[in-house]
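Heads up: the structure comes next, in structure tokens.
Chain nomenclature is as follows: A, B and C, assigned in order of appearance, with residue numbering initiated at 1 for each chain independently.
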Amino acid sequence: MKKRILAAVLATASILGTVAGCDSTNTSSTAPTESKDNNSSTTEESKPEDGGETKEEGKVLNIYAWNEEFKGFFEKYYQGLEWEVELEDGTKEKKKFDKAPGLETLKGVTVNWIINPSDGGVYQQKLDAALQAQSGAAADDKVDFFLAEADYILKYTNSDFTMDVSTIGVTTADTQYNYTVQAASDADGKVKGVSFQCCPSALIYRRSIAKDVLGTDDPAEVQKKLGTWADFDAVAAQAKEKGYYMTASYVETFRTFSNNVSSAWVVNGELNIDKAIEDWTTQAATYLDKEYTLPDGVWGDQKNAQMFAEGKTMCFFGPAWYYNFCMGNAMDKEKGCYGDWAVTTGPQEHFWGGTWILAATGTDNPTIVADIMKAFTVNEDVCSALIENEAQFTNNSKVNEKYATDPKFGNAFLGGQNDVALFVELAKGIKFEHKTNYDQLLSEKYPEYMLDYFQKKITKDEALANFYKFVNDTYADVKTP
Amino acid sequence: MAKLKNLDAPAKVKNYSDFQNEKGATSLLIARIASYVFLVFVTVMCLFSFYLLIINSTRSNAELQSGFSLLPREHFFENFGNAMKKTTFFLPQGLLNSLIIAAATSILTVYFSAMTAYGIFVYDFRGRKLADKFILLVMMIPTQVSAVGFVQLINQFKLVNTYWPLIIPAIAAPATYFYMKQYIEGALPLEVVEAARVDGSNEFRTFNTICLPMLKPALAVQMIFAFVGSWNNFFTPALVISKAELMTVPIMISIINSDLHSQAGDLGKLYMYIFISIVPVVIVYMFLSKFIIKGVTLGSVKG
Amino acid sequence: MGKKHKSISYAKWGYIFIIPFFVVYAVCTLVPLFSTFLYSFFDYYTTMDFRTIGPNFVGLQNYIDMFTPDRTGAIDLLNYTGNTLLMWVMGAVPQVLFALVLALIFTGIRLRIKGQGFFKTVIYMPNLIMASAFSMLFFTLFSPVGPVNQVLTQITGGDPFLFFSDIWATRSIIAFINFLMWFGNTTILLMAGIMGIDQSLFEASSIDGATSKQTFFKITLPLLIPIIVYVLVTALIGGLQMYDVPQIMTNGKGGVDMTAQTLVMQLNRMIGGVTKNYGKAGALSAYIFIVTGLLSILVFKVTGNSSGKKKAKKGGK
């Protein structure tokens, strides 16, 4: 899978090479003029190491994360470390990003990654312990920034362990997507961090199956026929008649519903099942009953097998990272169906995933933290590199739009469709509302417990009761019916 | 049970099979064939999962994602190279860390369990029975039960990111004590201890130089178990360690596992980690199992 | 065991020998354990927004809650206990039987099995694989598109069988993994036990013309009782702590309608995640402790009787 992606990425990169080369002349949009701190740091570089008379920055940058994904981007595009890419023919090539801001700001600073597994909640436990010990910790041991996911970000933004980034000179640029700012804000609207990516999720469909079922594989035409849930359900029935599955996992559409709720999972300390969640429940029950979908999870083997050429499934839902990195079966050289895919909006706008950088209160490297946040949001060189080399959809609408309108830009996996163009539109409609600290587990476990009911092992009430038990045992402060 | 050894050992007999009943020859043959059939069945059952692990470590991420295969592929060295690359953590470092902890743990466990069992079996002191009953009782406490309090304790003593909380508790291993006690009762005649005293040996020397060698098979058995248990333990180390340079292999595997659904995800690397992590325990096992087999001869010599 | 060991003046050495164990145990386990049990009488938990509620003394409330039937009249705790014991028995019975047969084969001098070193190594090897890796493998093996189903669908021509949507299939797979992981371990224990038996006894019985069946039931088995007790008790304790295999196989859900939810999985829900409920977890811990204790005593009592017989026989000799 990796090789194919690389090949695709490199192919687009080489097309764009010249374009990007021209564009990157305007490098002025980086940070330096925005705050005093930054000015002092730029003057500081001309002096020897110990010249900071106003505020001395720490020499160790401590970053908490649960995996190596952001670390890779950080090392390449901020720190400016060399990396290796494997080309189509198997040879290796060294690459280096010369415009990495960290080449200046990180001089004499040690970057220390503290990575803990997310399994069993270990990451959050370690992070929480470190944050709680922050005030008493030595400067070099203090957490400077950490990463968080949408599903539990509120826990941190609403706490005093994160700080208002405007105090360190990070202002929200209007190129940042609104929902990513909402997600990083506390209840009072103070912004506590930034996201380095934007993850609008699209309807990903098999072109050949769409042709068979709908008579067209054109994204605009397909969107007309799948624009609402009623349409979607109707097409599911047509697909079934032709021997296809509409989706390959009963949980496939869950995020689409749960991103568009009108009330939260927990209201006034009581568990609340929103109308949208109820709607999903009804849909999933029908889909499994009529065999429009399969009784498998979002990451299940049975679902993944449906991505092969011989698969019978028409629709998947996911953001750019999903099809670029998790649809390996579709990209398989022998059994895959590379190029037989396309993306469109689908019944409802939603997002999936994304990682936020949050500034830890008490950091001894505020300037560097601020500079990193800016690098991954407003620095156009960095953002362009993320699109070109890493197939990311960035949190910079200006850079994204540049590629969206580029007629030469296309994704070979999607039959040459310019997916950035679609995501630019999708990203505008995403909401980050009615979120709670509990969302991660509740959204994961609710579908799992309901499966017993969908498969007719037990009644709906019994399945709900099992879910309530889970909630009670996990969250002592949440009341259930 | 303690009196078992008081039975007089008869004069040494060279070969037990000399006494083999002639009539039993055919039934012995049948038993032998049945034994082999059974052994082969068990072997296949045991090796199958190993086979799968090895096969999987030769397949690329894409191949692993695309389903199951019983045939090896050619990505072994590629996966190996990826696994050996230094990222935040470094697998050889993890192996070394795991080795240090597992070795220290297993040695402490068997030594102090044997010592405690010896103390309770050999000496008659007030509270002896109580001590024995107490250990039996606490053996029944699941480890998870005290985990939360244990972490609080570690934080209080500022022992986070050290190996002490992983190694020191090994001194008190109730289940190993229980086994040692059962074994000592059968294998250590008190007369031996008394004879040593007559020869002027002090109590520690008697234990270290006379008693311990007699317990070799039991020590080897428990050492293997303790080593493997520590080697594969994710639960406690994950609670205690967060620094990359101190991480053990199971923690690293778990991090790679949380990477799976991201850009950095690589199932091939994951299986390679699992594969590499098994090799040291297999070696330790082979080494220690020699002692268990030797135990047979030791057993007959001591009689 | 006999009371008089003559060597009386050495009593202080007894304390010296056992002190390291007790000191370490007290600090590392007893102190945390005490707090665990203490918390069971309190309302005491943490929340997702970094608050800690309590400890507020509530008496036996946590215990009462634990045994309160739900709307259908079922007591969940008893269900989870039943699941745990059931899956343990399903794995432990073949585990001990296989181990016993293997130990006899390996120690049976008359059989003269070749390649013993190889077989002995092989049977223990499953125990070297991490439970999580094992579970991962079996999950793929029995997945709807896994090899087992590939064979099945080829034979039946129908839809794949959803093993993890079936109560007994899920339980059986979990039990089988436990059996596979632990029977080698048990075999080694039994082997070491058989080797610990004075060889002269076998010789003597051979001279007396005992059949191998007689040797087994009259000598090997009775003398193995202490080790078998050990095996059963530790297996039981391990069984009641069954956690990682069912946790991974059911993705922490507990199987269809919670029929594979074990006691420690339940404990893990309360203290294994980001939020901790010390009060409820304390009560559950106390319960697990008591159940383990009672069952272990049962094992001691049952097997203790037969070792009593053995003593009588020896006395006669």
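As a convention for this text, a contact is a pair of C-beta atoms (placed from the backbone, for glycine too) under 8 Å apart; a residue touches a chain by one contact, two chains touch by 3 or more.
If you're wondering where the values come from, they're calculated on a predicted model, not measured in any experiment.
Put simply, the chain farthest from chain C by mean CA position is A.
Across every pairing of chains, the maximum count of C-beta contacts belongs to B-C.
We define each chain's centre as the mean of its Cα atoms; on that basis chain A and chain C are separated by 42 Å.
If you average the Cα atoms of chain B and of chain C, the two centres end up 16 Å apart. Along chain B, residues 67, 254 each make contact with two or more other chains. Residues of chain C in contact with at least two other chains: 140, 145-146, 272.
Across the assembly, chain A contributes residues 120, 125, 301, 305 that each touch 2 or more other chains. By the touch criterion stated above, chain B contacts chain C in their complex at residues 1-5, 7, 9-10, 13, 16-17, 19-21, 24, 28, 31-32, 35-36, 38-39, 42-43, 45-47, 49-50, 52-53, 67-68, 70, 112-113, 115-116, 118-120, 122-126, 128, 131, 135-150, 152-153, 165, 168-169, 171-172, 174-175, 177-179, 182-183, 185-187, 190, 193-194, 197, 203, 207, 217-218, 221, 224-225, 228, 232, 234, 250, 253-254, 274, 277-278, 281-282, 285-286, 289, 292-293, 295-296, 299-300, 303.
For chain B in complex with chain A, the touching residues are 60-62, 65-67, 87-89, 155, 160, 238-239, 242-244, 251, 254-255, 257-259, 261-266. Considering their complex, residues 45, 47-50, 53, 70-72, 76, 140, 143-146, 160, 162, 165, 251, 253-254, 256-258, 266, 269-270, 272-275, 277, 279-280 of chain C touch chain A. Of all the residues in chain C, the ones that touch chain B in their complex are 1-8, 10-18, 20-22, 24-25, 27-36, 98, 101-102, 105, 108-113, 116-117, 119-134, 137, 140-141, 145-147, 150, 180, 184-185, 188-189, 191-193, 195-204, 206-207, 209, 211-212, 223, 226-227, 229-230, 233-234, 237, 240-241, 243, 264, 267-268, 271-272, 276, 278, 281, 285, 288-289, 292-293, 296, 307, 311, 314, 317. The part of chain A that touches chain C in the complex is made up of residues 120-121, 124-125, 128, 132, 152, 155, 158-159, 161, 294-297, 300-302, 305, 437-438, 441, 445, 448-449, 451-452, 455, 457-458, 462-463, 465-466, 469-470, 473-477.
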